[in-house]
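Next, two complexes with chain A in common: one pairs it with chain B, the other with chain C.
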Partner chain A sequence: MRRIAPLGLRTRLIAAFLLVAAISAATSAALTYREARTAILKQSQDTAVSSMRDLVGRLSLPLPPRPDELKSACADLARSSQPHSWMVYAEYAGNTVSSAESPNSTVITDELRAEARTRPNGAVQRVRKGKEVYLTFAMPATFKHNDRTQSSGLVFYGVMPLATEQTTVQAMVVAARDGALPALGIAVIPALLAARSVLKPVRRLRHAALSLGRGKLDTRIEVKGSDELADLARTFNETASALEGSVEELRQAEARARRFAADVSHELRTPLAGMLAVTEVLDEEAVHLDSDTAAALRLITAETGKLAALVEDLMEISRFDARAAELHADEVDVAEFVRKTLERRHWQDRVATELPAGLRARLDPRRFDVVLANLVGNALRHGGADVHVSAAEEQRPDGARLVVRVADSGPGIDPEVLPHIFDRFYKADAARTRSAGSGLGLAITLENVRLHGGGVRAANRDGGGALFTVEMPLEAAV
Partner chain B sequence: MTATDRRRRRRRASAAPATLLAGFLLAGCADATGIPGTDVFEVGDPARIKGEGGTMLLYLVDREGRLTPVLRPGPFPADPGSGTAPASKAPLYDTPAGFALRALLRGPTGAELAASLHTELPLAFAPVRDPERKDGLLTVTLPFPVTALSEAARGQIVCTVAHAEPLDVDARVVLAGQSNSIVPAQECPVPAS
Partner chain C sequence: MPRVLLIEDDPSIREGVGLGLRRRGHEVSAAETGEDGLALMASFRPELVLLDLMLPGINGVQVCRRIRETSQVPIIMLTARGDDFDIVVGLEAGADDYIVKPARTEVIEARVKAVLRRLSTPAGSRPEVEFHGELAIDRAGLTVAKRGERVPLAPSEIKLLLHLSASPEHVFSRQQLLEYVWDHSYHADARLVDACVRRLRTKIENPAGSPRYIQTVRGFGYRFGPL
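Let's turn to the complex of A and B:
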């Protein structure tokens, strides 16, 4: 049963149709066969019995009949037999004669004999003997004396093989079977049509659902008819509309939020630029002020610088969000590029490198510089010394990849933090409200690498320390 | 009800039509083997032959002890209503019943014996009187004791006497014999219509 359960709708429909067709064909064939068989047998039997009655009624015999007369009467009856030839047996006073060679029949049963002797009526019995079927019938002879009819004690028996009827009945069985099989075959056609009418809308619905899942929220189904499948299609369309509306609303809300962030950053930039210029001047003047005032002044200067950096980062991320970030690809020597990036920030002495000579890649120099600076800066800040940068070309199924690894020997990354490390403003330590970074460094790194068509992974090394792996196409597509 | 039970119930439900179908097919196959045998059943009236051999009806007994009618030539026509004896006949033979009774008591003929018929009555060549009609009864007086007669022998006399004339067919017959033996009135056990 469990094996049958996962069969398809089409198979089940065909099976159901075939079942119905088989039941109706078998039932009607069986009923027709039964009726026809009964009719055929009844006709043969009636013909045989009534012709026997007629023939016996024409006899004129002395009572008691002489055996030779009785035997010739049997022969006469057998000659005139209908519808097929019978053998005729006559029984009188316990003696039997017949039209056949043996005076006694092996087919006539004792029940028929007893019935014929005790009741003055014609009697019939169908007897199966091996494969043959016989109609046996008894016809007691009465006679009239003094206007009263009474039994003469003489009984005639007929034995008629039903071979012809058997053949006819067999032919009917064959005909019924031969009629039922094409009916079953024909039943497959409506089954297939019904399956088609159900499966076609189901297939359309499936394609539509797949399309919806791929993000084509404007997918709709043509609603045909008014059946349950049409209802389903209508429901699908309504659901898709509702989904599209919700998604559109979300998108708009998100866009508004991003625009707001971009606007805020932009609006902050101008006053901050002014503030920076002023704080620089004040910083220079700080040496002339008393120490407390100078310290306060320097704090303002530092914080203003951080604020300016944060605003820059915010604007950068806003550009990514607005998909306004562009890739300006250029061919560079990776080893030389990395070395320059480190030198520019005076990190060359604190970072060990492993850079193969002659490895060239096509990438956006400015963005790749940001990526390197963020990762190495992070490593230096959180992982301490022993930062190691390596670059290599590796082959992947979809082409050559530039793989840059930045490793440190610090405490590593908390496993709970690991999944969120590229999130915006995600602080590894919730208590640490102030840090050197803006909280956007890794997010910007990820966006930059993605812009190149690559990805960044963060992991903990077996020996301790964090490992960031940048992987991007050797030839960035512009 | 657990989920397993429900599944089982569903399975049972889906098994029902299949069982039905199998039943149908099996019934069809059993039927398809051909023509079945039957019990004995009646089909209409018996045949009526014309009895030859005479107008006098006697009852003999066959090998199985059943009363069997035989016809012999008689002095009287079989027509109803003409049961009176011809004037030329002796007074002892004045009724068909008496004539038949005396013929019966003389035993079966050769042809009757050849047909395996016999009589269970003792042979009597002494004169036997005609049956007397009294109070709606026919009394037959026989020259031998009647109480020792077999059932079949009594039937032979009763039926022979009763069927001799059309009016007497349903009459009750008393048998009287030697030594004041007497058998109460009885009807002929052979059905006639």
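Let's turn to the complex of A and C:
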């Protein structure tokens, strides 16, 4: 089924206004027309009938009248006709005479004749013939006998065309129509004004809602007046305030949680610094102790080291969360940089590289070293041998990019794990609850690359193995 | 083995680091506050100062400045990563290097050794005193004079100057300088280099005009000269 396209509020308002204007114009025109027409016709009719009555009353005719006398009486009556000229017909005992050429009228009905007999004061009827409308009226001639009015049997009929009245009424119809049309035109103006007064707040509300949706929670609408739209605006403002309040609360709760993590890490760091400084002493002494004590000591020193690394990673994450991480950018030769990272960890023989000479980039050396070490270390740990690192400059619409790819030939990443691979403390294998890393390595990698204005993607290669792609601006903006 | 003055307010770090270094043969004197540390400067006459930046009373940066007023003893700051601003201020105040806590004794000792290490003089054909413009550089005596007047330089400053001036007009990247002068990894903090260059410039360059001896090569690093 086809639905009619919904019309706008403006169109509907204008249509409603026009409809109301049209109905009221038509109704008032119809009522005026009817009343005026009745008044005009009644006046003509009353004038005609009463003047006929006077004239007939003044006649003196012998009974039965002679046809020539009757005809001249008709002519006299016609001459004195009011308000317009009538034609007068007289009927007496089946004989008819008239002031007109033909003695018989074509518009006088038997109905009128019958009425004339019963009403001594006269009868009236309007008759339409073709386009013309005629007023026909009958006036029986009476005489007084012994103080009683008696019918003489002689009836005079008047026939008066209502052409003038018809023209007047017609003119009224035209006037009503001509008045209604501009009224309709003028009705469009208040319609537009009303539409504007409704649509403007609606539009403001729409913009405010959009702005709120974009995260500008301090968006408010100016409330004008006290109508329903103002109520709506007030409700919107109250809702926005409530939303802003709860978002602020959430934000504060999150900030508290982050500050807590940062504080805890900070407090852990001081005792760890003391412990870490003496682990060597313990390790050196362990060789002189019995095996259990030595094993216990070595466990403590090894775990102290891991704890220190974990706390450092937590501190690093806290700084990213608090947006306190700083980028100390420097110009480096990318090939030399990657080689130095691998050499520092003695990985140079286990990793194949493809590094273009002369490629220079602006980046934070410490952070980018962490990125490379995490990705390559991850590949060596989970992906086995055949780790491959390549670097290249690639052009993107928004400028030159440094693209570094770290690929391995291991089993790849479980598709279920892939979306979470950069999550904090996400362990791919539930059974392997502790790995060599802190569980924050890839999360820190991602944050470090983001700090450079770039991103990291993880994927599985077609031929097997995982592929991590780092893409960031060749020149990190500080 | 060198005498090390350790100024650290936290007892566990003071004790742990002291213990570790003493076992490696260092003579360690520990102070809890900056005031105590400064007092020990005269009596203990340390060859190296390990200085915590966060100290009660006068803080590490102020202690560093006070020491530099009278002495060019090597100073290594103990700091936490993330105290970025303090690191920069400490380096500007004249510290030669910094160590991020927590650190193993081997790391601390490696830094101590690196700061104390004398640069190996290139093959002996060079004259003992080289003249570059108004500068006289004595490679054997590790002294520098400007217009005949001795310029007091901290260990990192003189090492940087010796390294750069050994190959005039050769451009060294910050990473290379971190490796050669500071014995740091290639990926260490380049701000060490920049701060040291700034300190060196205030001592040997003419205040007006652009640097003449230590020149910046934008996007690459630093070079000595051309004069």
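In this text, the second predicted complex is superposed on the first by the 265 of 478 C-alpha atoms of A that agree within 3 Å, B and C clash if a C-alpha of one lies under 4 Å from a C-alpha of the other, contacts with A are read in each partner's own complex, and residues count from 1 in each chain.
The criterion applied here is as follows: a residue touches a chain if its C-beta (ideal position, glycine included) is under 8 Å from a C-beta of that chain, and two chains touch if they have at least 3 such contacts.
Model, not experiment: these values are computed from the prediction.
Trainee: In the superposed arrangement, which partner chain does A:S60 touch: chain B (first), chain C (second), both, or neither?
Mentor: In the superposed model, A:S60 contacts chain B only, not chain C.
Trainee: Let me test your reading of the model: by the given contact rule, A:L77 touches which partner, first (chain B), second (chain C), both or neither?
Mentor: It touches nothing on chain B or chain C.
Trainee: For A:G153, decide between first (touching chain B), second (touching chain C), both and neither.
Mentor: A:G153: touches chain B, not chain C.
Trainee: Of the two partner chains, chain B (first) and chain C (second), which one does A:I14 touch, if any: first, second, both, or neither?
Mentor: Once the two structures are laid over each other on A, A:I14 reaches no partner at all.
Trainee: Determine, under the contact definition given at the top, whether A:P271 touches first (chain B), second (chain C), both, or neither.
Mentor: The answer is second: A:P271 touches chain C but not chain B.
Trainee: Go through the superposed model and pick first if A:A141 touches only chain B, second if only chain C, both, or neither.
Mentor: first
Trainee: Contacts for A:A26 in the overlay, against chain B (first) and chain C (second): which applies, first, second, both or neither?
Mentor: It touches chain B, and chain C stays clear.
Trainee: Looking only at chain A, is it chain B or chain C that touches more of its residues?
Mentor: The partner with more contacted residues on chain A is B.
Trainee: Could you tell me if A:P120 is touching chain B, chain C, both of them or neither one (first, second, both, neither)?
Mentor: In the superposition, A:P120 contacts chain B only.
Trainee: Output check: A:L212 vs chain B and chain C. Expected answer is one of first, second, both, neither. What do you get?
Mentor: Neither partner.
Trainee: For the complex, which residues does chain B have touching chain A?
Mentor: Touch list, chain B to chain A: 11, 14, 17-18, 20-21, 24-25, 27-28, 31-32, 34-53, 57, 62-64, 66, 68-71, 78, 80, 111-112, 114-117, 163, 165-166, 169, 190-193.
Trainee: Write out the stretch or stretches of chain C touching chain A in their complex.
Mentor: Within the complex, chain C touches chain A at residues 10-13, 15-17, 19-20, 23, 80-82, 84, 101-106, 108, 173-175, 185-191, 219-221.
Trainee: Chain B touches which residues of chain A in the complex?
Mentor: Per the touch definition, chain A meets chain B at residues 1, 19, 22-23, 26-27, 29-30, 33-34, 37, 41, 45-46, 49-50, 52-57, 59-67, 92-95, 109, 111-112, 115, 117, 119-128, 133, 137, 139-154, 156, 162, 165-166, 169-170, 173.
Trainee: In their complex, what parts of chain A are in touch with chain C?
Mentor: 266, 269-281, 284, 305, 308, 311-312, 315-316, 319, 324, 326, 328, 330-333, 336-337, 340-341, 344, 360, 362, 365-366, 368-369
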